[in-house]
């Protein structure tokens, strides 16, 4: 199929295709980061992850409507405010859920799956009752719309760049938080040995709550960022859940680096396949490959060999 | 299993491991009575057909009791097996409905209508076996079971943990749905396989056929309960429980753990497939909306509400949730999703053993006490002569 | 008002029925004069010989749409329009002197539930007619039920065709009706000779694109440079957008649905594809969808269907005003909503023409019925149970409305089994 | 009772090397570079009671893990009756005749004592076998006999969860006994027991170790002296010393790292 095009065209297409892959990578990573913390670090299977994302999206929608109506001056930068609020809203809801639900289930990971599924149904219906069954459109400030013209033929979408920047920022923050901060140290201590961490004076309940809240908050930011490229409706969150879990599991649940590597490899595979095959088949083949590899190598991409 | 009555008598005298305890026989008769006698007498044809549809989900819930409750393997992909069983049956019925006579307006008569719309001019090879009813019955169960074996063998050999397994089965459900929807020329796409008419010449759409199918379904369900009870009561059932608690220990008692897990998963898949086939017969079509993630998780909640360790509970749970769904969603469609969500949470937090747990903790002790006071004189009169000398 | 030669096929066979039918017809002129007086209505025994839920004052009609689940988004408008139509009919005196009583059921976006509820509406509630369904899958699920129990369904969605049932009237367009005129227009006016098809992966987009491809290749002598399908709910379109850039089609022909729609147009815009320069024709975006996509993201795209809210005629003005009065100023009206609005009126006219609620008679009376009060202008029921209708092309504006740039000069005959397009 | 635990045929202590019941040679395993077991070799004769001692972290439990297949060796070989164990699965190793008791009692809490023993009964180990397994007189007799040996005759119908710590240890020993392994591996069988239980356990062990080879990890020196034929001392993953208790006790290297303090 490539025979008919000039070399310059092809170069441009490969460049843009590479970018498409990178944007998909950012999207996947952003979705998976929150879950990597919740599932990878805490072992909680949060099936309502998508609904936490959509909460962030709705917060962004509310912000955009509010700014348009009352504070048009703020509109160009409302997105940053919206992201902050999305983080706080989803994080707060996450902490509430941890307190009311998750903390009773740490020893029964499969039951967290059922309970959070129930939670996701409730949240979906709540969104439907509050915001209506239809999708809502989030209007973007004009500087986020359009693309950067690199050469005559290469154009890079600005909102894609923005999502990438947000992803990098969040990833760096999470990495610093987990590996460099005192809180991260406590989180890692609690996850590796809860009783011992408690004995040395770490408030394990508090750490659990903040960790869960952090994961949900990041989901909220992801949802907020996704309003630029995806749809916001009561059931939109459900679409993401399978992809997100596969990314985290494929990366090796406890490894942040693994999540990044897995998001990268899955997004590149899918984006490349999509270019050569039909979209549906690309999706099927990507998922099949991930499942197949997981069957052969269940520990995922990155794990340490330890004495069991 | 061969002769329940004999087993029952034995249990009174020698057997310390009866096939079913008296209270379990009571539950069985109660359930059979409700399904086969009370409901058909009480309900009109329409409602009875609905119950028949619910009962096909009960097959899945039964399988989940063995696979999830006993073996600790949570599958979020039971819809896959339910769907494969259902599609198998639907393919047979569709071929029968697509006789040359019925499809003469098509450009290729004799093949299902959706194939004709998709420019397929000959029946694909994997449809061929479904021309025969016996072969269909075998394949409708064998294909899902083999598929389950394929999935589970690789993973259990490599000791994939419970949560991973759940996520992977979920992904498989997603993949299969996309495939079925995308390959509409071979599968009927998102519409599924519809307009099914006769089973070996017998019109399944009539009220009398639906009435008969209801009893076939009910009977099969009772048979499957007994089969599941047999598995549960056998040493294999105890090994499953042992494995759920201390997998390593079972390995060091000389068992190949993977094999037992594969069995439990395949058994559940087989039951789901039977349910799927019966679903197609009673509802009259099959579509990808029963294969995906949402129905698969809903089926788990049936088992959870009934009690993940109770075979009878699973059936009652299925009936209860579906009854609630139908009646609530008729009057309060909004409230229903809140209710269903709350049900998930409540079952997990407050009643981890579901209906069966409530029964076992509050009702059964009373019944047993009652039964004991009635039976008490008997053992005194009939000494346990068959007991092993100690 | 009724022309009884329409029911001629039954003459010899059912003379007693026919006598009652004539008795019923005798009442009809009186009905028109004094609609609110019950005594003017024909006796129930005459208009209902098959045990439908008809009393001296009431006739029961079912509404069957998804109120919950993923399809609720789309089906809301349809059921709102049906309720509006029924209210208007009741305010004008009802049907054959009887007020319409609605029984509404929720299909819950679940096809067996649709079948189950359809059966309930027919078997338990004895509805004289049912307005309902949105997706093809739900229609396929209920079809055997309607055929088995001889019910009557008015189905509002534009759909892929390839179906014709005695028991169903299709008030939306079938695929050839919707697509061909639009393709002709885009070929002639925009010089469209190369097309890129992109759709959601299920039966309607695939069938529509198949028909479009045949038309492009065989009639317009153009070429199709790409054809892509994505799973329902897919949200990443950057790769396919690159392919579109690579193949440089004159026209992007899109039938993406649901949430994917939103993602597709947002990403298209972000990727620098300017819809004022690149021609895009969609058959899946109505005013309802633009609400979620955002007018600024899709402005400039052409949509091809039979109805837009901005149609300028008296019928439509009255309809839009009534709809907004009943359901709120902010609601928008799309193609399917309008088609759903037609259902109760077409049924009412058929009943009055037949002088009976009996399904067989209503069905027999239906072909040839013309509805001049339709918001879309004027429609007529064909022998094949689909509607004759005009096809229009609208250009999306930032405010979420369409500017109509083309209207087919004549009503287009429905052709659910198009020769040469299969 | 005697019928239940058949003594294996006695083999002379001076048997030729190929007749070793268990030959561990150059066994090494590393976890991310850390060699938990480093080039360990030792040989166990039929009927021999071998005790492995050593300070914490010496690699004792890892050696047992390696023999029973729980951990896979990085290098070296483990030959049991001439059969290479490193390539077998855990269940195959058990079926070959190696039994293992864990450090913390590892029993099935949700099952009764009877069922715990029944699962360990070496019949019906395949899926089909388990499905058709019949609780016949042989099984019952055997379980009753074992239960008597492990002092749990009256607890047969109790759920294992409700046993005391000592009873759980006994139950696990019973589960091993019913397998009738030729090589029995015990990891600290008397750890965490009350004095009374400890005496009873020693009595029990003395009774059951007859007629089979036993590999024991134990810290209780008195107990070790009582039962050991030979002792292997591990230190930092390597064999430090080996021989009779007397010899080991007087080995200066051993005194240095272990017995000295």
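Letters A, B, C and D mark the chains in the order given here, with residues in each chain numbered from 1 onward.
The working rule: a residue touches a chain if its C-beta (ideal position, glycine included) is under 8 Å from a C-beta of that chain, and two chains touch if they have at least 3 such contacts.
By chain, with names taken from UniProt: A = Urea ABC transporter, permease protein UrtB; B = Urea ABC transporter, permease protein UrtC; C = Urea transport system substrate-binding protein; D = Urea ABC transporter, ATP-binding protein UrtD.
Note that the structure is a prediction, hence the values are computed from the model and not measured.
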Larger contact count among B-C and A-B belongs to A-B
Report the chain ID whose CA centroid sits closest to the centroid of the full protein CA set.
B
Mind checking the centre-to-centre distance between chain C and chain D? Centres are C-alpha means, answer in whole Å.
77
Take the average of all CA coordinates in chain A, do the same for chain C, and state the distance between these two points in whole angstrom.
39
How many angstrom lie between the CA centroids of chain A and chain B, rounded to a whole number?
35
Where in chain D do residues touch two or more other chains at once?
70
Out of chain C, which residues touch more than one other chain, so two or more?
201, 229, 231
Listed in rising order, chain A residues that touch 2 or more other chains are 128, 280, 283
Residues on chain B engaged by chain C in the complex (per definition of touch):
44-46, 49-50, 53, 105, 107, 113-114, 116-119, 178, 181-182, 184, 189-192, 194-196, 205, 283-285, 287, 289, 326, 329-330, 333-334, 336-337
Chain B contacts chain A in the complex at 68, 74, 76, 151, 154-155, 158-164, 166-168, 170-172, 174-175, 178-179, 181-182, 293-294, 297, 300-301, 304, 334, 337-338, 340-345, 347-349, 352
Residues of chain B touching chain D in their complex?
16-17, 231, 234-236, 238-239, 241-242, 244-246, 248-257, 259-260, 262-263, 388, 390
Complex contacts: residues of chain C adjacent to chain A:
69-70, 72-73, 76, 201, 227-231, 233-236, 238-243, 245-246, 258-263, 266-267, 269-272, 288, 291-297
Residue ranges of chain D in contact with chain B within the complex
68, 70, 89-92, 94-95, 99-100, 102, 106-111, 114-116, 118-120, 122, 124-127, 130-133, 135, 137, 140-141, 144, 175, 179
